[in-house]
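We just call them A, B, C, D, E and F in the order they show up, numbering each chain from 1.
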Amino acid sequence: MTLHQQTAPQTRRDRGLDALKRIDGQGGEAVVNALADIAPDFADMLLEFPFGDIYTREGLDLRSREVATIAALAAMGTATPQLKVHMQAGLNVGLSREEIVEICMQMAVYAGFPAALNALFAAKEVFAEAA
Amino acid sequence: MTLHQQTAPQTRRDRGLDALKRIDGQGGEAVVNALADIAPDFADMLLEFPFGDIYTREGLDLRSREVATIAALAAMGTATPQLKVHMQAGLNVGLSREEIVEICMQMAVYAGFPAALNALFAAKEVFAEAA
Amino acid sequence: MTLHQQTAPQTRRDRGLDALKRIDGQGGEAVVNALADIAPDFADMLLEFPFGDIYTREGLDLRSREVATIAALAAMGTATPQLKVHMQAGLNVGLSREEIVEICMQMAVYAGFPAALNALFAAKEVFAEAA
Amino acid sequence: MTLHQQTAPQTRRDRGLDALKRIDGQGGEAVVNALADIAPDFADMLLEFPFGDIYTREGLDLRSREVATIAALAAMGTATPQLKVHMQAGLNVGLSREEIVEICMQMAVYAGFPAALNALFAAKEVFAEAA
Amino acid sequence: MTLHQQTAPQTRRDRGLDALKRIDGQGGEAVVNALADIAPDFADMLLEFPFGDIYTREGLDLRSREVATIAALAAMGTATPQLKVHMQAGLNVGLSREEIVEICMQMAVYAGFPAALNALFAAKEVFAEAA
Amino acid sequence: MTLHQQTAPQTRRDRGLDALKRIDGQGGEAVVNALADIAPDFADMLLEFPFGDIYTREGLDLRSREVATIAALAAMGTATPQLKVHMQAGLNVGLSREEIVEICMQMAVYAGFPAALNALFAAKEVFAEAA
């Protein structure tokens, strides 16, 4: 039985919405809502592919998935709003603040000190809002 | 006793070399050797800062550190040789092939399908060499 | 009726495979085949999301979709294999060689001369193979 | 004697100014004006090379040129002000709002969901100002 | 007792702090202070590696080092706060405003006009604050 | 009548060709020649804008211009062929091998260790060919 065999399309979207709520929390729902009047189909795709297809896969635990996402977005440096959503998501799935800070610091090695600094200052804002 | 308490500066380099060997294995040593005739001081810096300072820190386990590095390098798409070294490093510190494949696939969400595809094909080469 | 309403999952994959063959031709099928032994689920996702969901949408003609993809990949500069597949795809959906060259040249304005040069040399290879 | 004086540059510059006004409209003129006190020669270069040399070329229609530019800037993710100017330019040369939204959505495939999301939110602002 | 006190690294950290003050001035100190409550060890690393290890090396004069940094950050386009700190640093080590403007303009060739424009507008802000 | 015929462009083009030969040497001429059968107008633009307009400007010395270009291309990591041409150009206008190595090393701070490593290995090839 292949991955998608048992999923009717609405199931895929619902599974994604479920994962989005559990992982990204309010930040994720806010993104979906903000798409409603500009690209509602894209809100569906966002639920279906990243959340319905990827985050629900076995093979890598959710905590590691958020480590990967925080690292990638910090390194890329072009997606601060999404980085902040996933720092909150990291906290939601069990990463500690210290671990998130360590990921940001490590990015100095791979993407340079400015990428690490900007990620650390984003973390500071996320932690302040979460306090 | 803090992390750096007992380390004289030369120890920092040695601690880095130790970490490099344990994590990156032969791939890491090959990089250090390749620097010998062009920028030997940079070989020292590579041992000291990424490996002596960052990878030896408490606060994030080595397995998660390699998840972060593989994700970042896959997303950036500008560092294929280093991505391959760290896929091998991931295997060295306990990631399974399946987990590495999952990290690459997940990068399609954050950096696009070409980044994920190129990372998967790099993984294919690393796994073939490791076989 | 919304986009996904009538599509059982296998339809989505089949619709994607159909679009992939029509647009990317042999280059696209080669990518799908190369994924078989490393990440077969990702081959499904590649068929389903980019080709099943995006390229089959109304709202933008296929020719314009390939203009967008060639421009983006040329500007990013990190995805030469995919750029070449989409230059061939551009020819397949009706772009002329001259138009593809113009897109590459225009990228000098937005991503710099090296990005434009590297894209032009990729085009040269694609046109030589297509001759 | 200024740099361009002997190359009858007013022709090239004027052709560029004409194209800039027609394509980018007020957004383009605002950029040129903002350069006046920091880098006036660069305002000339901006008129001459992108607008005088590239956008006035035959070989690719203006509509396709704006598809390419919007796609590239959305994918790069480092040029939000310029992306917004060119979304307005796209409307000026005949792209519909729906087509611009489709280009942004398609960038999820090549540059990731954050790039597409940030481009869609930029489009939302441009469309609100144009309303 | 600070982190590195008995590893004789205070020399390295102090040398870095000295270089940071001389080169980046208040902007650099502000960054170090902003790290105090989120990642104090990273403040140490920032002093030690970039400033203690790199900027104090012979082999390239400080003026050229700032040319390199301004060019790189302008081209990358993901580090505006750091670009502004280093434009001020460039003035501190002897670059003229005209030279900084020329570096930004030149980046149009290598990273595109948007990168150059955004760097020029950053320079405009830095010069206004320095006036 | 070609595009630039009426703007006395031979002056601008010739000035660019002169600068290209003096700065980039054989590497630059090879690029111009390689464009002849795919995009000859782009060869003209390459001579006219980067070399005719930018490199011939007063306001920044040629040596500093090459420092800026090497740093930017090393940091971007997407333009290895052009980075190598400009490392040779740096040698042509008076940079020492040591200075080029220092620029590469410094990029570890701003763009990460992989960018610095890949630039250093490019330098190694350039120096071997120049020997």
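Following the convention adopted for this analysis, a contact is a pair of C-beta atoms (placed from the backbone, for glycine too) under 8 Å apart; a residue touches a chain by one contact, two chains touch by 3 or more.
Keep in mind that this is a model prediction, so the values were computed, not measured.
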(message) Which chain has its C-alpha centroid farthest away from the centroid of chain C?
(response) E
(message) Farthest chain from chain D, going by mean C-alpha coordinates, please.
(response) B
(request) With chain centres taken as the means of their Cα atoms, state the distance from chain B to chain D in Å. (result) 40
(message) What's the distance between the Cα centroids of chain D and chain E, rounded to whole Å?
(response) 31
(message) Taking the mean of the CA coordinates per chain, how far is chain E from chain F in Å?
(response) 24
(request) Hunt down the residues of chain B that sit against at least two other chains at once, touch-wise. (result) 41, 45, 49-50, 57, 73, 75-76, 78-79, 82, 101, 105, 108-115
(message) Per the contact definition, I'd like the list of chain F residues that touch chain C in the complex.
(response) 31, 34-35, 37-39, 41-42, 45-46, 50, 73, 76, 78-79, 81-82
(message) Help me check something: in the complex, which residues belonging to chain E touch chain B?
(response) 3-4, 6-9, 12, 41, 45, 49, 53, 57
(request) Can you check the complex and tell me which residues of chain A touch chain E? (result) 76-78, 101, 104-105, 108, 112-118, 120-121, 123-124, 127
(request) Spell out the residues on chain C that touch chain E in their complex, using ranges where they run on. (result) 75, 108-115
(request) Note which residues of chain C are touching chain D in the complex, please. (result) 49-50, 54, 57, 59-60, 64-65, 67-76, 79, 82, 98-99, 101-103, 105-111
